[in-house]
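Each structure below is given as structure tokens.
One chain, subunit A, links the two complexes that follow: it is found with subunit B in the first and with subunit C in the second.
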Partner chain A sequence: MADGAAKEGQEWRLTLPLTLFFVAFFVGPLLLLIGISFQAERQMTGVLGLNQYAVFLGDSLNLDVLSNTLILGVKATALCLIFGYPLAWLITRVSARMQALLIFLVILPIVTSVVVRTFAWIVILGRRGIVNDAIIAMGLSATPLRLLFNEAGVVIVLTQVQLPLMVLPLVTVLQRIDPNLASASQALGAGAWRTFFKITLPLSMPGIIAGTILTYTACVSAFVTQSLIGGSRLLYMPMMIFQQAMDLQNWPFAAAISVLFMISVLLIVGLLVALSRSRAARLYG
Partner chain B sequence: MRRAIDWNEVSFRAVFWLLSLIAIAALAAPVIVILMLSFTGEEALHFPPSSYSLRWYEALLSANELRDSFIISLKVALITVIASVVLGVAAALAIARSRKTWVRSLETLFMSPLILPALAFGFASLMMFSILGFRPSILTLSIGHIVVCVPFVLRTTLSSLAQLDPALLDCSVSLGASDFYTFRRITLPLIGRGVASGAFIAFMSSFDNIPVSLFLQDARTQMLPIYLWDIIQNQLDNRAASACGVIIIGTILLMLLMERLAGFSRFMK
Partner chain C sequence: MFDITRRHLLAGTAAAAGLSLLPRTAFAAEELVAATFGGTWANVHKQILAPYFSKKSGATVVQSPMLATEQIAKLTAAKGAQPPFDVAMLDDGPNIAAIDAGLVEKFDPSKAPNFASLAPGFKTEYGPAITMQAIGIAYNPKTVKTPPTSWADLWKPEYKGRVGITSLASTLGLAFLLDINRLEGGTEASMEPAFKKLKTLLPNLAAVSANFGAHGALFQQNEIDIGVQNFNFAEELKAKGVPIEFVRVSTGTPAWKTTMHVVKGALKPDLAYSYIDSQLSAEVQGEMQKSPWNVIPTNSKVPFDGLVASKIAKTPADLEKMVFFDWKKVNQGRAEWTAQFNRDIRA
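On to the complex of A and B.
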């Protein structure tokens, strides 16, 4: 089978088209972005320098935008975990028919347009929306609550929009955990909560990390939800990049803040990956 | 002897069920609200509508800009899917079979558009195209979309290739079939469901993309989600609700079809 062995070594050729495409249209633009971020002048005169980075890092208002964005992601991701984990747990414990229905319900938002879903939340959370109608009808408040155009609204909607990204990896992991482990724990006298925190939760850590990475990166860069629900008064990084790039045509500055934003997100993802590695080492090492 | 109630168990189940039910309600709410709203008979957007009619769906028929942006979005999504499938499946075949580390590590490169903020990539593409002198067109839009949609095809194809028994391919080749014949008659039918699922997800995410389109479109090539976004932001009217209604109904029908043809929910995890 000398022929087959020779062919086996040639398989990499099949990656050539996509590799070339990525080098030209993904790596290329990103390198250009980094290059332009070092342009000292707004007019891109070719003088290089760290001016754009200095301008961004020197203004505490800009740093607030960056930290607000990163913290927004933490809040929404935490909520996704709090609501997503029990849902994933439930999905692995119902009948096959019910499971198919619930999975369908979880996937539906992923393929439904984000604009459409965000629009629905404007109707639900608006001054005369369902939530406010219910609150007033129950006598909890005399006047409509302000649920849109503030951070709470953005967090609520981001949670719903990105929840499926948390639930799906959790379902995969929870399905693989041997149910005998939980039974054994209970038989040995541990209660339901103790069994959950000592057995199920640690074993599902890979799913939690995977879901957290997906949800977090999606939440911090969710331009549509942030701008439609946040309104014009709340500024997050994606909108700031857009304004600098398109409204103010300040490309070097927009490039510099894009680079800083990407580095921050990658650092957080790297941290989570490192965390999952050390976890895995402790569990299986 | 009556067994005492296990409060530990009861409280655990109560908390988990309650949180799940809230999550389920939150997942279903937007779809239900938009569907009801799209059939409103009223002038103003108010929920729940006090009367129902098809009037806003009829109004859609005469909304030319909406129709134009729908057609452009459809064209871009189709080009994106075809290119993503060709490029993505070829790369997936190599990544799944190769023993070389550098080929396998290409997977990380091809998946990275999912982690990086798409808006920064969209802006970077705009700068490159404008420095190269390309004006925004269906082509530039499609190129940007392919980069962010390829990961979906790659992921589902790789996961179906992982379940493919390599002995089948060896049999075919040792019986004298050419590589391409083996691919067409053996590999493709066996991974078809994975490819179709990836293509479907890529189609939907191209059709829905805003962060990349925002930079690569111009007035002549306005995409549907951006047009809807403008309407919602500026003049919130009922045609937006009925257009969203059309999108939701279309999405559910496509999803049911794909579930039947390819069992695509298996590939979402």
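On to the complex of A and C.
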């Protein structure tokens, strides 16, 4: 008995390999990144200071790029939620075979190479692409619409690419909701919409929050999609970091803006987590 | 303290990378790793240079396509440890940066017999120029009926929303900006004229590609009808059946050299020399000059032929008449210009 308790107390040791892995390949490089961001000079001479941060925060263009990136994430995530929720709901209602098929279709974008996927979108959204050809053939517009190289294009592609990250957590949560609850609600006289808003939606909140966090962080950092679909006239944080690190070899500045970008995204994620806690507290407390 | 952590981490990463390479190095002891560019370069290096080099040296080569700036970033990161590749391929600008940062070795001509056959302008203390890159205007002959003759044509109102340029991440984008600046009376020390002129091009721009790879796709997908392009890349697209024509601009052809270097601390320095020597040989350069590649030769034993002769230069003297820039000054201004470009070009 005492023996068992002692073993139980030592179970944390099982996490040691992963902890070491994380320290070596995640915490270590992260600390290194933060360290480099305090280098005052581009050549990393060892002089420390907050110059890089001051330079970034002192330029309104940089702040615009940061806010544009954060807002881009909000737009794409909102679309993912709007399209993903009904889809996830449908997946929990169909037969097992149909469910497997739908889930396969949903995860298909994840298993395709991001570059191939993005080039496919260039073909679809291009001036002479499928969408524009269809619009012109139907007489909806005389000239091709500009779907590439603008924010709308980036949002459309991000929505498709990141949708699985929203749908999968939603499916998991929706499957766990007891169908009797909805029946009970209806038996008590609530309509379908009222049942949805009072029962299903609140109970699926953990899935919505989890999906939102995953989708949001993936959207704001989607370097390939942002640069290939957006082109250079739309500048987002990942591209800006790449420019500074690779094109200009200014690692301290690249590190500083990476840190600021990370903090901004973490703040948003923290906000969502806080929201989920308060929701859960209200529902189950 | 900080320095120690960094060195340890780098060593750790290098060890991890070494582990993953073990099976390969154990079985094929003689293997060179060489950087190349994407597009035409990745093709000619795989199809022409690699087999020639293997036959000559008995070794194999892994060619890794990377932008010049990416190569510098990787070599800088590995400084003090094993470099990730042995041969660097760089453009004017990045090559100066690499030399200044001590990332490449001084070149020993005695180890590469073909080096002697290069025209003087193509020999440097740190390695040979393997080609010249020349830029001009590419256009879609189906939609652009009057062939353009100068950069000014890109500003014509009839090309509203149809023009494509690239960002300053590529030498192509930089050279275009520098040439506009030159024609507007600026110098590498004063780029205001270029940026002022660039702003007036905004209504005509259909796209500013984020990198060179994306630029070719713009022509292929009919996203742009007219724009700046590199001679080799335009001709290769044309050979693939893409409706595209390349013309030199009447105000002088902006050009730069592409160089090859033995990386400092190269694991296989002898193979690196042998590889670069192969690239300089008359056989390889003659083959690369053929369509669809049209790589401009630098070995004086290779007479200009085909499209290179008809469109770019009949004699080596013609190459010297092209427009060159002061890449040392360009490197100094690059960060500031990139910031300005980002600001001005933003949609």
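Basically, the second predicted complex is superposed on the first by the 266 of 285 C-alpha atoms of A that agree within 3 Å, B and C clash if a C-alpha of one lies under 4 Å from a C-alpha of the other, contacts with A are read in each partner's own complex, and residues count from 1 in each chain.
Just so it is clear, a residue touches a chain if its C-beta (ideal position, glycine included) is under 8 Å from a C-beta of that chain, and two chains touch if they have at least 3 such contacts.
None of these values were measured; they are calculated from a predicted model.
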| item | value |
| --- | --- |
| Simultaneous placement of subunit C and subunit B on subunit A, clash or fit | clash |
| Which superposed partner A:201 touches (first subunit B, second subunit C, both, neither) | neither |
| Subunit B versus subunit C as contact partner of A:98, first or second or both or neither | neither |
| Partner chain(s) touched by A:233 [first = subunit B, second = subunit C, both, neither] | second |
| First (subunit B), second (subunit C), both or neither touched by A:86 | first |
| Partner, of subunit C and subunit B, that touches more residues belonging to subunit A | B |
| Which superposed partner A:265 touches (first subunit B, second subunit C, both, neither) | first |
| Contacts of A:119 with subunit B and subunit C, given as first, second, both or neither | both |
| Touched partner set for A:273, first subunit B, second subunit C, both or neither | neither |
| Touching partner for A:148 - first (subunit B), second (subunit C), both, neither | second |
| First, second, both or neither for A:249, with subunit B first and subunit C second | second |
| Intersection of subunit A interface sets (partners subunit B, subunit C) | 28-29, 32, 119, 122-123, 128-129, 227-228, 245-246 |
| Touching residues on subunit A, where the partner in the complex is subunit B | 1, 4, 7-8, 11-15, 17-19, 21-22, 25-30, 32-33, 36, 82-87, 89-90, 100, 102-124, 128-130, 159-160, 163-164, 167-169, 171-172, 191-194, 196, 213-214, 217, 220-221, 223-224, 227-228, 237-238, 241-242, 245-246, 251, 254-255, 258-259, 261-262, 265-266, 269 |
| In the complex, subunit C residues that touch subunit A | 2-3, 5-6, 9, 12, 67, 69-70, 72-73, 76, 97, 161, 166-169, 205-211, 214, 217, 221-223, 334-335, 338-339, 342-343, 345-347 |
| Residues of subunit A that touch subunit C when the two form their complex | 24, 28-29, 31-32, 35, 46, 59, 61, 119, 122-123, 126-129, 146, 148-150, 227-228, 230-235, 239-240, 243, 245-250 |
| Subunit B - residues contacting subunit A, complex | 6, 8-9, 11-13, 15-17, 19-20, 22-24, 26-31, 33-34, 37, 45-48, 86-88, 90-91, 93-95, 97-98, 100, 103, 106, 109-110, 113-121, 123-128, 131, 143-144, 146-147, 150, 170, 173-174, 179, 200-201, 204, 207-208, 210-211, 214-215, 225, 228-229, 232-233, 236, 240-241, 244, 247-248, 251-252, 254-255, 259, 265, 268-269 |
